[in-house]
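Structures are listed in the sections that come next.
Look for chain A in each of the two complexes below; its partner is chain B in the first and chain C in the second.
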Partner chain A sequence: MSTIRVRSAASYWLAVPAAIWMLGVVVVPILLLGWVSLWGGRSFSPASPLTFDNYTKFFANKTYLQLVLTTVTHTVGLMAVTGVIGYAIAYFMTMKVRHSAWRLVLFLAFVVPFWTSALIRGIAWVPFLGVNGVINQALMFTGATHSPIEAFLYSRFGISMAQASLYTMMAAGPVIYMLNSIAPQLREAAMTLKAPPLVVFWRIVLPLTLPGVVIGQVLVFLNVMADFATVATVGGNKHAMLPNLVLLFYEGSQHRAASVVAVLLMACMLIGVVAAMKVVDIRRLGAER
Partner chain B sequence: MRLGWKLRSNLVGWVLGILTVAFLAYQWLPILTLGLLSFAGPTGGTTFPMNGVSFHWYEELWQASVMNDFKPPLLRSSLLAAACALTTIVLSVMAAQAMRGKFRGNSAFFYLMLLGIMAPGILVGFGFAIMMRLLGVELSWNTTTFLVHVSWTLPFGFLTMLAVFNRFDSRIEEAALTLGASRITTFRRITLPLILPGVIGAGLFGFSLSYDEYPRSMFTTGPDQTLPLAVMGQLDRQLTPEIYAIGTTTTVFSLIAVLLCTSALWAMRRSTSYRKT
Partner chain C sequence: MDTLAHTATGSPAAMPAMAPPQLDLELRGIRKRYGDFTAVDGVSLKIRKGQFVCLLGPSGCGKTTTLRCVAGLEEPDDGGILIGGREVTKDPPWERDIAMMFQDFALFPHMSVAKNVGFGLEMLKKPKAQIAERVQQVLKSFEIASLADRKPGSLSGGQRQRVALARAMITEPRILLLDEPIGALDYSLRETVMLELKLLQQRTGISFIWVTHDQNEAFSLGDLVVVMNHARIEQQGAPEDILQRPATAFVASFVQGNNVFRGRVVQAADGLLRVETAAGSFLVPGSAQAIGSEVSFSVRAENITDLTGEHHLNQLTARCTTVEYFGSVRRHIFERPDGELLKYDQFGAYAARIAAGQVAVLGWRPQDTVLHTGAAG
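Moving on, here comes the complex of A and B:
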């Protein structure tokens, strides 16, 4: 017995406003993009004949295909980097920091930037990476290089640096959650039975945190794939990823081409998410163990 | 020579610790640099060395001309964020309460909400803008942008409330119900006060996610811009320390909001645990 009866009409009606909101603002517009991407003819109207011309035009262009490939490899690279660093940080915070006060301080220090604007944090990397930027000045001060390195700002490397700082905690957060839910007795039992630390980690800790790793990787994947703002601020006009192409076509009033790119982007993301869902059941994570 | 396991464990601890601190610095240094450079002198450039120390760029911000006046966008963004926070609170509590009722199709509903988090902002914004264009609806920050922002903040509030209800002890509700309270009264007098910290958390999500949102606003806002759009517009025109000043200001603004909410939560938890003992 609770304040809501199971399978009551009330429970159904309480969900209706949120459902309508999400359907109208998220689902319908995205389906609409799929439809618009098939519009042929000259005028931009629902009366247009349906063709695959927009897609064939896109796939005929080698530059665009290269861009799809670049976006995916860039994202996979960042997933690897943030995954490893994120896991190391998560492991340190939950297993190595003994005092709970210190753990809280560290946790807050990592999480607080998340409440600030990602756009501003992207912009903050600009004075850092430039030719006269902080990194170059530090390198030249220590004598590591004599002339400033131009490869930081307006480069893929610079974009990756900024994105790693933005998204590593997304990879770490779910792992921290999973590490915290491992009963200490499990590790103690393995250690009493004389398993070396590395075996304990490999056979006990890592498998139990795997769902957290996968969720974190999904979050990084989705965010990096769709992140055009960091690419635009740190990468300048020289660099583009798939979402930047959407923007480019949109600004050029090429709505159908923009829709094609949007559909491709969505397809890439769906494939990634479905693959991850095969590994873990997201719905079980919030439940009490 | 084989090292003892204790030594090795310590060694691993040190290596991971250094990595963690290094990453913390990596994450914070750009923000701190931004803050520092915003205090550059009037002739200050956008990087080090700083040409003097002054409040010049903050004054510039305050007496801004029409072109780069950040005050109206700031006001709009704040109002929008407050509206999103309220809407998120109401809708997410309703939706999470509905999930407890296990209505038919509740798992489809759950995935629908999840889709709101997973769908990239640029596609939602673009698709919604196309839809409004086909429907002939005028874009504006307080109508279309509001609709799109809530579709982004609502799922976060919803997941927060789901987590809260997952840990909720419904026997307390049962006690009130068996003592003859109606469901509405029980919800208002028993359930709501207990889930209040979660409700505030959902509101905080609503506020800050909307306040900082850029991709969803980009296509749906129309002529009167929100703050992130104004900042990005200024960045496209010219990079001056003024951008650093506005960046620092909004960051401090966000931090104060988080601080206020966490201290409210903390005070609330203290007072409830005090009552228990």
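Moving on, here comes the complex of A and C:
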């Protein structure tokens, strides 16, 4: 078997196809976006003078600023929900389900829904949350409420429920991986050193799974920040986040405004990822064992 | 390490009057089953204060499960465990007066050496300043003070072993449980570490329960050696007892240097039995066995000679297949008439008398054979 040594010429050549692809579909379009967002004047052409006017206009609008704030707080809230639920699922599946067959069944139950697209899964929530939806009918059947609750569909609450179901496994997956890599002896050693279970979790398990938590949070953060489809389908026309604004401007042929929002959205994401890297250096994952 | 010495005369903590206080550990017929597999089958054991006990046996014999039951990491299905006279069978590990050293040391990878060592004291909710001071002392006494701020990942095997030991000893437990504690070390380090651990145990007076499959470890360290096989105790006693008077055929064959024979008693007279085996007919001391009963006996390799005299009433003729020379011992491997191997050790730096391929008459005295009297448990 022949192998390719790290840092040999061959290993660099292997990166070329992917690099060209990334350059063409990611790097160049982003640079173009940034460029277009600076175009001034009246005509939409590369000859436009460069200016920050588009940004000034955006920041002068209180509604837009409110939207940025809403998007960020919504995302942070969802990170908290998926983080807690995801960790609980991960802990349950790795620590409490002892039988490997059960573990497989549960794992498939969590993963199989991901075989359909996020859009379909988002839309699938509509018949659940609607006025005559499954949840309302169940509530009325059990007598928990007399009239259907309208707040489920076309509301922030409905969007959050749908997104939590879409993204919880993204938060759980990396934690499952990290939990599996903790040697059982570490927890046992802590117990023989007089640590009761909660302390074992707080001092041993949680710190060792922190990189997984952070990676999961980054995944959820990026996906929720960019998710316009669920917001549009479950939120109806009543609710919007930053990516919906991009779509709105784009559909209105306001390409400069669309570029501005897109650039700001990317900036928010970049800040989030950098902040996450400050907490845990995910590039050095597992180097401590 | 003398900072730990005062535990030898540790305060006589309040103990129930019913149990004899000199016992650090008592196992009363503990049993542990996993599905169809019985890991521990009625193990009873009494360990006096300050004893160095070695649980010896092949892998899967139940020695580690027994140790984990003592630690509280497994709960026995049946039987009782008393630590210092107090019933702890159902108590979780964090409520037991023990510490444990794991085979791969199980150091917390995200904590510094000092944090690892201080963990037990932190759990006992000692004041921070007191913990820091004590950790410094212990690190110094284990000669790892210079490693205090390092993470376990950057330590050598020997350093990790010291950190794990310091971490376990700092809480001054009544019993230290050691699961193959030097199995992960380089071979060259093992002897030094064994001696250090033995000296530490003697100085502190803490009872050690040392699980190993290595009989050299067990016999050179243990005050009490407990040989286990198939989830049961085959024999327990001082190393000399087990080496010189194996109680069962398993112990005799597990312990190095024994030649084991199985056969049927055909004659009994004057405290001697004549046993008919596939390798010949031999005289063995014994009187309690009925004629016709199946027995096994063993003779140690160093009690066999090729210079047979009239007192060597047991004799057999065999062909030498190999000679191994260890400096102080020359071990000859013969093929017995029944196809088994016969080991014969010649001590001292004498010239070789028998070469491979040679046929020789070997003999031994009846009083050098040991009749296996069954489980001495």
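Note that in this section the second predicted complex is superposed on the first by the 278 of 289 C-alpha atoms of A that agree within 3 Å, B and C clash if a C-alpha of one lies under 4 Å from a C-alpha of the other, contacts with A are read in each partner's own complex, and residues count from 1 in each chain.
Simple rule for what comes next: a contact is a pair of C-beta atoms (placed from the backbone, for glycine too) under 8 Å apart; a residue touches a chain by one contact, two chains touch by 3 or more.
As the structure is a prediction and not an experimental result, all values here were calculated from the model.
Partners chain B and chain C, once the complexes are superposed on chain A, both fit on it without clashing.
Of the two partner chains, neither chain B nor chain C is touched by A:Trp39. When both complexes are overlaid on chain A, the residue A:Val199 reaches chain C alone and has no touch with chain B. When the two structures are aligned on the shared chain, A:Tyr154 is found in touch with neither chain B nor chain C. In the superposition on chain A, A:Gln137 makes contact with chain B only, while chain C stays out of contact range. By the touch criterion defined above, A:Phe58 lies against neither chain B nor chain C after alignment on the C-alpha atoms of chain A. Contacts of A:Ile30 after superposition on the shared chain: chain B is touched, whereas chain C is not.
Contacts of A:Ala10 after superposition: chain B is touched, whereas chain C is not reached. In the overlay built on the shared chain, the residue A:Ala189 is in contact with chain C alone; chain B does not reach it. Which of chain B and chain C touches more residues of chain A: that partner is B.
Of all Cα pairs linking chain B with chain C in the superposition, the shortest spans 7 Å.
On chain A, the surface patch touched by chain B in one complex and by chain C in the other comprises residues 196, 287-288. Here chain A touches chain C in the complex through residues 183, 185-186, 188-196, 199, 203-204, 207-208, 287-289, going by the rule given at the top. Touching chain A in their complex are the following residues of chain C: 71-73, 92-94, 96, 98-100, 102, 104, 106-110, 119-120, 123-124, 151, 153, 167-168, 171, 177. By the touch criterion stated above, chain B contacts chain A in their complex at residues 5, 8-9, 12-13, 16-17, 19-20, 23-24, 26-31, 33-34, 37, 45-48, 91-92, 94-95, 97-104, 106-107, 109-110, 112-116, 118-124, 126-128, 130-131, 134, 147-148, 150-151, 154-155, 158-159, 162-163, 166-167, 170, 173-174, 177-178, 183, 186-187, 190-191, 208, 211-212, 214-215, 218-219, 228, 231-232, 235, 239, 243-244, 247, 250-251, 254-255, 257-258. If you check the complex, the residues on chain A that touch chain B are 1-8, 10-15, 17-19, 21-30, 32-33, 36, 46, 85, 88-89, 91-93, 96, 106, 109-110, 112-113, 115-121, 123-128, 130, 132-134, 137, 162, 164-165, 168-169, 196-197, 222, 225-226, 228-229, 233, 243, 246-247, 250, 255, 258-259, 262, 265-266, 269, 273, 282-283, 286-288.
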